[in-house]
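Two complexes, one shared chain (subunit A), two partners (subunit B, subunit C).
Let's turn to the complex of A and B:
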């Protein structure tokens, strides 16, 4: 298969998908799938490739969301630049956090990420002047934008769909590049054996900080998108542990350290949530949990990880 | 070329090295021998920068290296092959070797890879295989090869014969001599006292975190205390 076939098919599918239905709930589902994909991609860069399990990724999502909305509400900066700024802020905060937390190894690093996310949540909850505390931030109006000569007014879901599609593709592209690059090999070395990686001279702290920064960039962009799409954020929503854990699930269900895994994980998990939510309300979490157990027991490589293995074996035969 | 003086290292409040001093002259094989828990591995880890000494001096080619980062120490030419091989199991043999060249300029890499494959023909045969699927002996050879890829002036080997079949042990010590003959200085930590003293130009006995005895390999092999304590004679 030529090199560009798969990405081209993917892009075509992403462009075509929302045109198959005019139902806005379908569009919402597609948006949630791609949003979750982006979350999974972000977590996967750090947790999958570098093996650094973060339980606090919502910290960066929240930073992205708050940056985007605050820049718009307080300074009037166009939310579309704000979105990019959100990614940049998340990345900028991630670097010092990484420099500190990557002195810790394995479970201690994971616990530190959990603590950092809680600290940031509490700051957001109590810094009333800046964040409006538990009230959260609301945007009532989004300015219309002109893209390619067309005026986009952001009232329907379609423009949001294409925005998140672009972001998700960006995330996949970045993951693909990292996986193929030297950085990807160093991350793998760090994951496989940290001490050996140091013994061959890899600066393991710098390598991991770089992975964290890229990961935070993606999830920060996702956070900005979240704020604009839902038009309402509060600390308990965007800085929640539940959100952090969901990112882990998306990556694990799809397949750790794969490029396509997060999209598979996102489709399956959003599908399960939405299917059972209509019938069981918050009881749908039971099915979610049950499904997670089954995956961990029977598909530890994740769904896409398993498929990829099967394809590889078939090719070698 | 490498001078270690009065090295002290502690894991938190537990002091492992009290007074370790030795010299590694250029082009030689130097062996540190001693019982389990004497502090041999701790010494090597400290030299590699994985542990930070509490006191003492590590001088390598006239430069102080104590307290430097592992990355800088590798670039200086002091390279550790860790105990238990510690390959990257899910990478191929060749990727493991190339990873060893991380700290070196791109230019010399293909030649060094070729040299490693010449020393370890079996690594060449298995270069596309995942390192985790190799036998213990093969893994040890790849681990040494990975160390050589860093273009070391001193190669530090931590228990390379550990867990190998007797024939592989012979082969391994042969390889160490061969590598040394190409001009690489070797600092060898071993429990296999007999073998290591036979190939070593110089040896040190480490006991309870102190270097207590020094001499040429032959001298130590004839030393009554060494014979009684480590050779069981």
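Let's turn to the complex of A and C:
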């Protein structure tokens, strides 16, 4: 198969998918799947490849969302630049955190991520002048943009779908590049055995900080998207532990350290959430927990990881 | 001065209870090298245990400790035997994620069964504070403090004087060597996990009369617990006790002199400072 066949097929499928239905709920579901895929991909860069489990990734999502909305509401900066700025802010906050935590071995990073997310949530909750505290921020009007000569007014869900599709493709491309690059190999070495990685001359701190920065960039972009799509954010929504856990879930269930795994994880996540959220309150979270335990126990490589292995074995036979 | 002493005393009282939770987490880490992300949910189960035995059977919460501590010990052993045992050899990452899933499962099952309402236990002797030396002390908190001290001392006696306790410490130092000396490491793991869970459950029972209880309370408690074990050094029992008391004092002084809104944040800032400057823990007993 030529090199570009798979990406081209993927892109074609992404372009065609929303045209199959005009129902706006279907579009919403597709958007949620791609949004979740992006979250899973970015968590996976750090948690999957480098084995550094973050339980506080919603901190970066919230930073991205708040930066985007605040730049628009307070300074009038176009939200589309704000989205990029959100990614940059998340990355800028991530680097010092990484420099502090990655000097240590063991689970300190996981513990610190929880604390950092909580500090940032508290600041967002109490810094009324900037963030409007628990009230949150609302966007009532999004300016129309002109793309390739077409005026896009952001009233329907379709433009949002294509925006998140572009971001998700960006995340996949980045993951693919990392997986095939020297950085990817370094990250796997760090995950498997930190001491040996150091012994062969890998700067393990810099490697992990780089992975964290890329991961935070993607989550920050996703956060900006979240803010613009839902048009409302408040500290308990965007800095919530539940969101951080969802990111872990998507990557683990789909398949750690894979490029396609997060898509599978995202479909499972959105499926569970849509099935049970309406049945009883927080019911979906029970199943997230249960599913995660079952997958780690019986499919430690995740659903996609298992499928990939089966495909490989079938090919060799 | 009065206000300083007042907040110091209440900080020490709450801090001792935090310490007890953290000791449970740290002994499990010491022996099995896993961070039990569901530890906060074990505290929550203890709290709800005390709540239900009080509201349905009119059993005094402190008396119900005799029921819930053994029950949580058994629960912990069952969780280890049927859920965790197969996971732990798969590595640190897997057990971290697995217990995170367990935490989500327990907390949200509780939310489903008992709703998210905030509940509290109104003890007949809970309203009037004792006033030794002009400092007001809540009686339930004072009793909880005494019992927490007693349980923690009993635990350290158990670890230093009994054969099983010595085997636990040996396994924490070196599992392979312990196995070679004829210690059944699997059994020790199970007992240790039971002990950690029992400590968490017992602190839940003790905290129940002094805190509001709701199914996701474990979330905030586990984060505090992490702060404590990092302050004291992961795996160290004296470190966890000192870290717990320290966090209690810092939070209590902070809410008086800095801001109530940032009370929970102060502990986290302390945590990051310790990670930055004293990664082995404040007392240099843990390992980085």
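In this text, the second predicted complex is superposed on the first by the 310 of 317 C-alpha atoms of A that agree within 3 Å, B and C clash if a C-alpha of one lies under 4 Å from a C-alpha of the other, contacts with A are read in each partner's own complex, and residues count from 1 in each chain.
As a convention for this text, a contact is a pair of C-beta atoms (placed from the backbone, for glycine too) under 8 Å apart; a residue touches a chain by one contact, two chains touch by 3 or more.
The structure displayed is predicted, hence computed values, not measured ones.
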Partner chain(s) touched by A:286 [first = subunit B, second = subunit C, both, neither]: second
Touching partner for A:196 - first (subunit B), second (subunit C), both, neither: first
Which superposed partner A:114 touches (first subunit B, second subunit C, both, neither): second
Which of subunit B and subunit C A:128 touches, first, second, both or neither: neither
Which superposed partner A:296 touches (first subunit B, second subunit C, both, neither): second
Which superposed partner A:105 touches (first subunit B, second subunit C, both, neither): second
Partner, of subunit C and subunit B, that touches more residues belonging to subunit A: C
Subunit B versus subunit C as contact partner of A:185, first or second or both or neither: first
Residue numbers on subunit C that touch subunit A, as the complex places them: 35, 37, 83, 86-87, 90, 92-94, 96-98, 100-109, 111-112, 116, 219, 222-223, 226-227, 229-230, 234, 259, 261-262, 264-265, 268-269, 271-272, 275-276, 279, 288
Residues of subunit A touching subunit C in the complex: 51, 53, 55, 100-101, 103-108, 110-112, 114-116, 118-119, 122-123, 125-126, 191, 241, 245, 248, 252, 280-283, 285-286, 288-293, 296-297, 300
List of subunit B residues in touch with subunit A within their complex: 48-50, 69-71, 73-75, 79-82, 86-91, 95, 99-100, 102-103, 146, 149-150
List of subunit A residues in touch with subunit B within their complex: 185-186, 188-189, 192-193, 195-203
